[in-house]
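So, here come the structures, one by one.
Look for subunit A in each of the two complexes below; its partner is subunit B in the first and subunit C in the second.
Coming up: the complex of A and B.
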């Protein structure tokens, strides 16, 4: 291999300057959460399991008709997850709580995308097809998506679903927070609008936190003192209050640390301004140059 | 150098190659099915388990096991150990084909294969996957350019395309001359860039799963996962070279390069030892050894990976007797290769749990066929290329019965 001395120092030198210039620019991690997003408060003590929200969601998002009708009570006998054909599902849990006549009392839990404040899916998406909007919605742009499904790997709530049976143009499917509807003045998500018992309250996240705290304070016998989604993973736009321990109704305890923090810190401290690759390039270049020179001289020395 | 690299001149359709062709055909059928019926039609992937063996083996393990390319390139060309020159070309060819098939695997795995170019336009610099994709793309091109001089060496001034294609003789010749004029001048940039890009994405492949702290088993989920991925890739580079060189030389009855392989594995003692210390140290520091005896499938898989894939072969390599014996060396290196392969499978598949949904996953037959078909395709093309191009060294053949 021939090494051209001038060209060599030009490239290696430029790399060195780039390194010196950038130094420690990788600052601490900052949350990118919107300041005043909308949210939705789910009151599990109010939900009666009518599944009207599922029906409304299906209608406003023009999803395909379900296998069993929305008023078929047997659907609740199986635990379900959101799918590519249903952005939200209601599950029934028996936690052992009894009523006056010693009958088991069910707790119904609606699940959908939590619209995390610092969403793992948004941080993960290779092309930025998922974005956290100012109004709180985590929005999916199918025009950018390549279908890598890294968002699904990342989501701690296991929410995004995939159209696995579409060979060419599958989409990631998840609750949209009815982005279009709530972007309009006074617009409500389809599910929150229909709920007959006001188990779903839509509003500014800050207001909802106050509402939740007030309800818990006014009726401490009815509620646990925990707003799920207030602190979990840095906060979520959808939040829950409950009379039953969250672990017993399908929620996992989660840390307050936003998920993207670790990977984004690693990525940016290593790669901002490409300082570490540039440094490595310079080091390897130096090594290559010195071994090359040494060998040249020793060869010459051997000949003479 | 005692032996120049030269094309292999031997019967092509051996029984082994016929088997490869069959496996490729079976894989091709499964791939057609994937593009007709969708990913769900051929695979056992689900919403809870979005990544399976296509990512865990074809992509993640493929990248790790192609590490022989940049590690030998470093040794021979950057550290100037020309003694190792005879293994550089085969390792380079493996890396080039390995990455080509990584990209093919990705095309099959992603839902919108035709959109694979979109990350070039839409960037998300927060995404580890974005960085991996960019590095793999650039590195693949670097590999093609690094390999080009071998084509030039063989065909420059000798382009004779058959039949009608003969009209392209002129342009092809011009292209080769251009490559011959330009490439030697920039080769050092390509070689260094290859090492830099490799270090970047080998480590970032480990960062990939750090986005799922609630899903990855604590035995593998550690903030130093990128460092473990990088060090294991570097450690597996030379054993992989030994592994494939031994297979190739024994199936083509060529010179074994035994002296080179033996000294390569002396370096491996340090590299693998470093990885071992990091891996065990990480386990001690984070206290995850409490899981070791709980008897779950995940823990057992971890133990196999650590003991049979790292510790035992490392101890084996310590013995000079092992390094002198062709067979023992091959066994030790195969264990190291298997250990890194199992590590990637563990991190991406075995260690991945989805507790909210039913997340059980085992690859379907078609899924396995796609993977096996791709690997067979890689080996088949390798065999074709060494037939026409001067890749393998050692014109003198071993005395065979």
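Coming up: the complex of A and C.
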């Protein structure tokens, strides 16, 4: 039996799934989401694309100055992702909506870390450098980070960025939800504080859901009846309401299931009984033994 | 020859003066109107007569209308009209949209000098902006924005926008809808430029190069950008000069030595 890398993962994966299937009573998965977190409601029908939020974020987080100034309108011509130098970016979408003069109406979308209620990045972090705080922020502790970048792979919104240019002390960079600022009484995230039209509403997540529902109910022609982030992946602290379909402004349709629920269930069932690692090692041992034997025979065959 | 010319000129001037007098004599109103038409921008150092009052008003603390009666725009408009309220009741030409509530959070721009009576006259409908009234059924006045719209994200009124957002949403929303009026920051605001008297450090009689260096101390990016413009290079497209679009080939971009 020849065992290449892919074959190895197949076998291990199959074993894992088999164990997960049998381990129903191995302790059901519990959400670790905070009960009453803060959140932010982004109202895409209000955003005017002024990028003041980017500027404020840059200032309060002491990020390096951008290549092009914040009031340069050409920046919006390219679609951007958050980077290690910009925790949040505003993108412009033309969804085909026209005004009464038949001119295309842009929709502006600010993106940053969603501060998921059950974050995949936290679950993926093997040293606990990322944690979901009681106030809703998904917090990064550079002192614990070993630079494995699992969080970057795990995040369904492709948010965490990495300081690749820095070989000595690289950090994972993502929106902090202005953790220090909002921990203070009356503190606001830099971006929500500056937004001239309150396209970003800061408050308790439960209150924001009510506000969002009220806005949708009071003006059904303006909004779609969907709060993105209410249910997506078990809920996120940052939520969006929009007048344009979310798929057309860069949001992926996502299931209501939190990602850690699946991954942690597999993992935990795998290690829930002592026999499962034992079984795994027995299996691996068996594989090694058989391959080794075959190699030996083929080597012997080569000699004779 | 000289004399006749002079006489002709005196005559013309006299005629003009007479005409002006006649105009002033006939009605008092058209004369300032004519003077206004001549000069579009106010002279240096001019301040609006009601400016001081506008500043004071902007900092007044208006009692908080905690309970407001929701009334549909049309009903409200009708009621105001029935009660005899109209644009004639507006006594202030200018409002300074300034408030400690806004200043507390950010101070990037100068406050807007809002032409209140002009907007009222153009819209002829107070309820476009003043959408709610005091809860008191006897209260006839419209509420000022700041009566309800105060600090943003007030947990007691989570669905109520703050003062800054109330202004911006109403102004920009309406301007966009009517395709009239500015929708960009600098269309309404002046930039809040810090006092350069205190920032600039120069000797008493500076050399031109010293001034340039001092400017570049803070405005490095603008300096870099300037180096790419036609003003600096003396070279490049001149899209509006027919037949001479790429004519100039010598200058700081090519063969000149002066670099200041």
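The rule is simple: the second predicted complex is superposed on the first by the 249 of 304 C-alpha atoms of A that agree within 3 Å, B and C clash if a C-alpha of one lies under 4 Å from a C-alpha of the other, contacts with A are read in each partner's own complex, and residues count from 1 in each chain.
Heads up, the rule we're going with is that a contact is a pair of C-beta atoms (placed from the backbone, for glycine too) under 8 Å apart; a residue touches a chain by one contact, two chains touch by 3 or more.
Only a predicted model underlies this, so the values are computations on that prediction, with no experimental measurement involved.
Visitor: According to the contact criterion defined above, which of subunit B and subunit C contacts more residues of subunit A?
Guide: Looking at subunit A, the partner in contact with more of its residues is B.
Visitor: After superposition on the shared chain, which partner residues are touched by A:203: those of subunit B (first), subunit C (second), both, or neither?
Guide: Once the two structures are laid over each other on A, A:203 reaches subunit C alone.
Visitor: Scan A:29 for contacts with subunit B and subunit C and give back first, second, both or neither.
Guide: A:29 sits against neither subunit B nor subunit C.
Visitor: Let me test your reading of the model: by the given contact rule, A:48 touches which partner, first (subunit B), second (subunit C), both or neither?
Guide: second
Visitor: Could you look at A:93 and tell me whether it touches subunit B, subunit C, both or neither (first, second, both, neither)?
Guide: neither
Visitor: Pick one for A:129: touches subunit B only (first), subunit C only (second), both, or neither.
Guide: first
Visitor: So, A:70: does it touch subunit B (first), subunit C (second), both, or neither?
Guide: Touch status of A:70: no partner.
Visitor: Using the superposition on chain A described above, determine whether A:254 touches subunit B (first), subunit C (second), both, or neither.
Guide: first
Visitor: Spell out the residues on subunit A that touch subunit C in their complex, using ranges where they run on.
Guide: 46, 48, 50, 69, 71, 101, 188, 192-198, 201-204, 207-208, 210-211, 214-215
Visitor: Quick one: which bits of subunit A touch subunit B in the complex? Just the residue numbers, please.
Guide: For subunit A paired with subunit B, touching residues are 1-4, 7-8, 11, 81-84, 120, 123-129, 144-150, 152-154, 156-158, 160-170, 250, 252, 254, 259-260, 262-264, 266-268, 271, 277, 280-281, 284-285, 287-288, 291-292, 294-295.
Visitor: Taking the touch rule as given, give the residues of subunit C at its contact with subunit A in the complex, in rising order.
Guide: 105-106, 152-153, 155, 158-159, 161-162, 164-165, 168-169, 172, 179, 183, 185, 221
Visitor: Hey, which residues of subunit B end up touching subunit A in the complex?
Guide: Per the stated touch rule, the residues are 34-41, 43, 45-48, 50-51, 74, 77-80, 109-116, 118-119, 122-131, 133, 184-185, 187-189, 191-193, 195-197, 199-200, 204, 207-215, 223, 226, 354-357.
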